[in-house]
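Chains here go by letter, A, B, C and D, matching the order in which they are written, and residues are numbered from 1 within each.
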Amino acid sequence: MGKGRLEAFSDGVIAIIITIMVLEMKVPHGETVQALRPLLPTFLSYLLSFVYVGIYWNNHHHMLHATGKVTGPVLWANLHLLFWLSLFPFVTGWMGENHFAPVPTALYGVVLLLAAIAYWILQQTIISSEGPQSVLRRAVGSDWKGKLSPITYLIGIAASFREPWLAQACFVLMAIIWLVPDRRIERALKNSQGA
Amino acid sequence: MGKGRLEAFSDGVIAIIITIMVLEMKVPHGETVQALRPLLPTFLSYLLSFVYVGIYWNNHHHMLHATGKVTGPVLWANLHLLFWLSLFPFVTGWMGENHFAPVPTALYGVVLLLAAIAYWILQQTIISSEGPQSVLRRAVGSDWKGKLSPITYLIGIAASFREPWLAQACFVLMAIIWLVPDRRIERALKNSQGA
Amino acid sequence: MGKGRLEAFSDGVIAIIITIMVLEMKVPHGETVQALRPLLPTFLSYLLSFVYVGIYWNNHHHMLHATGKVTGPVLWANLHLLFWLSLFPFVTGWMGENHFAPVPTALYGVVLLLAAIAYWILQQTIISSEGPQSVLRRAVGSDWKGKLSPITYLIGIAASFREPWLAQACFVLMAIIWLVPDRRIERALKNSQGA
Amino acid sequence: MGKGRLEAFSDGVIAIIITIMVLEMKVPHGETVQALRPLLPTFLSYLLSFVYVGIYWNNHHHMLHATGKVTGPVLWANLHLLFWLSLFPFVTGWMGENHFAPVPTALYGVVLLLAAIAYWILQQTIISSEGPQSVLRRAVGSDWKGKLSPITYLIGIAASFREPWLAQACFVLMAIIWLVPDRRIERALKNSQGA
């Protein structure tokens, strides 16, 4: 089965998620700069989530690039990832409206954590469906970012009840780490073509 | 006429349906765990609908994979299916907000039933447009899942007025039955390529 | 310039229009059948608009199938059509909420009329960009449906102030006429391939 | 890495942005022409933003047409552009609801300016990733429109606090200048194929 339609559907869902998050930033009723000020936390949480969804799209793009065939379990592991990503608009809006209060911040971390786990499951499902020759397996390598993420999110969730800003720092830091371009897959693809 | 654009359009509509359903889960005003609690039924009905829309996308994907040409009647049978799927966000939100009350549960079952009938019509339209050599006809075979679904939904609709939780059990059970991977079409495709 | 991305973008916009129209059907607060009753006009206007947007997608699909190259003016004529189609959710919601009152019905007719004119402009722009050998020109032929539509919509707009139900009859009748499959383009394509 | 999925994702996001902007035009409660009148500024700002997003889609389409390969930095420069475009529904709604008041008009100009800068960054990122043989570099040429835009938006932002209508004139004028078809890239592509 071709991977084209899986990519197209995932692109569609991720494009809609990244765009409808902005609908949680409700147009204010006043026409002054003061009317905008209460929206600043919502804007910042939108920015953070936009970066995270962008990272997921980017990594998903690379992962499927290194994927050969798509099986039934891969389709469902992909839908499982999209499910947790689809909760981003909700938790982003809740965290922004409540100015990074403890419980919304913790819930945001929980959704980050579950999306990271779903991404890892999808990766493992693809690798096991491809067997020992999997290009993706070699591309992923030690996968230190994939291992660091859930730990950082867990620290963020724990911190959110005492120091919500420390939790935010964890989430922002992890986003920055992911933003640094990841050349593993591109390199592995080159190697497999050169071999 | 190629099937590419039909797939792309259906993917787009299904991707939007699956994503805007989450907008029915309104961001609560409080910042505590208590503020989230009333949303639990909405979350559960969102989860159920996400799985159902995912099943429809998955099955649609397989069905069109086994389809050769796309005719005018197929385009309209497909739009008819998308119409009933487009009502999922409405019935999901109504059922969730009313904590699985009888009438919203019954209406949810009615939309499930009409979507199942629309799917069956689309399948028959494709098969009859392809003639006796249809790969899809052989792939579908006895189609016991397709025959069991409307009966289960009808039982669920009837149950919803007396025991709404029995209705939910019917809908969840049928989703689980569909989730078990369906290898009929993949097998039939392999056979037709091997012959 | 290839037409692939124009088709993909148009599919995306039309898929979103057809799906967000359902968001105008707000989830009611009661849990009874009575709570649903006021939504009946909204549901009927949603159904009518769903059919119209489906017709536009279908015809657009056929028209681009018979189109060779895409020029700058074609891109803008296409965006012009999408603009009027994008107003469907607004006029559908307004007409439904006001139970087919005169002014909303007339405005619905105006948007139908302007979309029909925009479709005609797009068709002419493609034909003139392709020159005398245009497959689309032969496919369109006498274009009696394209000529009948604006007249019917004008009659509907005029009728809406005196007999809103006559206006609805015009809109429904025209939708049914369009639903009858249009084999002109498929026939012309076959002829051009046979020649 | 192929550019197909980058185009598809960008098309998806731009298609959603252009369509959900219409959701800011809330269905009015009355059923008379008077009920529509307060929506006129919202409609006009929607029209202006529709044209701007259409211009961005059009130019993005041309730019990627002249692009060979897609690198990591290009993916992120593209997401950066989509971020500022995703704020169009918000600033369009705010400007329309407040009838082109000074601060919302200035903020609209700021988002126009930042999107223009993001577009310029994306263009430079593609050119530098392609090296001296870049088709896009020759296609862009003196890029007088790209240089005039930010200046016009800055004038508009400055004017919005004293003469909001002068600011609108700047924004409308720049949209018209962009609407005039830009044959540079098509010409450069032809030249590079002829060489």
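Just so it is clear, contacts are C-beta pairs under 8 Å (C-beta built on N, C-alpha and C of every residue); 3 or more make two chains touch, one makes a residue touch a chain.
In this text, all values refer to a predicted model and were calculated from it rather than measured experimentally.
**Student:** Considering only mean CA positions as chain centres, point out the chain farthest from chain A.
**Tutor:** Computed centres place C farthest from chain A.
**Student:** At the interface of chain A with chain D, does the proportion of residue numbers present on both copies reach over half, so same, or stay under half, so different?
**Tutor:** Answer different: the two copies use largely distinct residue numbers here.
**Student:** Could you work out how far the Cα centre of chain A sits from that of chain B, in whole Å?
**Tutor:** 26
**Student:** Centroid from C-alpha atoms only, then distance chain B to chain D, rounded to Å. What do you get?
**Tutor:** Going by mean C-alpha positions, chain B sits 37 Å from chain D.
**Student:** Which chain B residues touch at least two other chains?
**Tutor:** Where chain B meets two or more other chains at a single residue, that happens at 8, 12, 16, 20, 23.
**Student:** Quick check on the complex: what are the chain D residues that touch chain C?
**Tutor:** Residue list for chain D touching chain C: 7-8, 11-12, 14-16, 18-20, 22-23, 25, 27-29, 31-33, 36, 47, 50, 54, 57-58, 61, 65, 179, 181-183, 186.
**Student:** Where on chain A is chain B touching in the complex?
**Tutor:** 1, 5, 8-9, 12-13, 16-17, 20, 23-24, 72-73, 75-76, 79, 82-83, 86-87, 89-90, 93-94, 97-98, 101-104, 107
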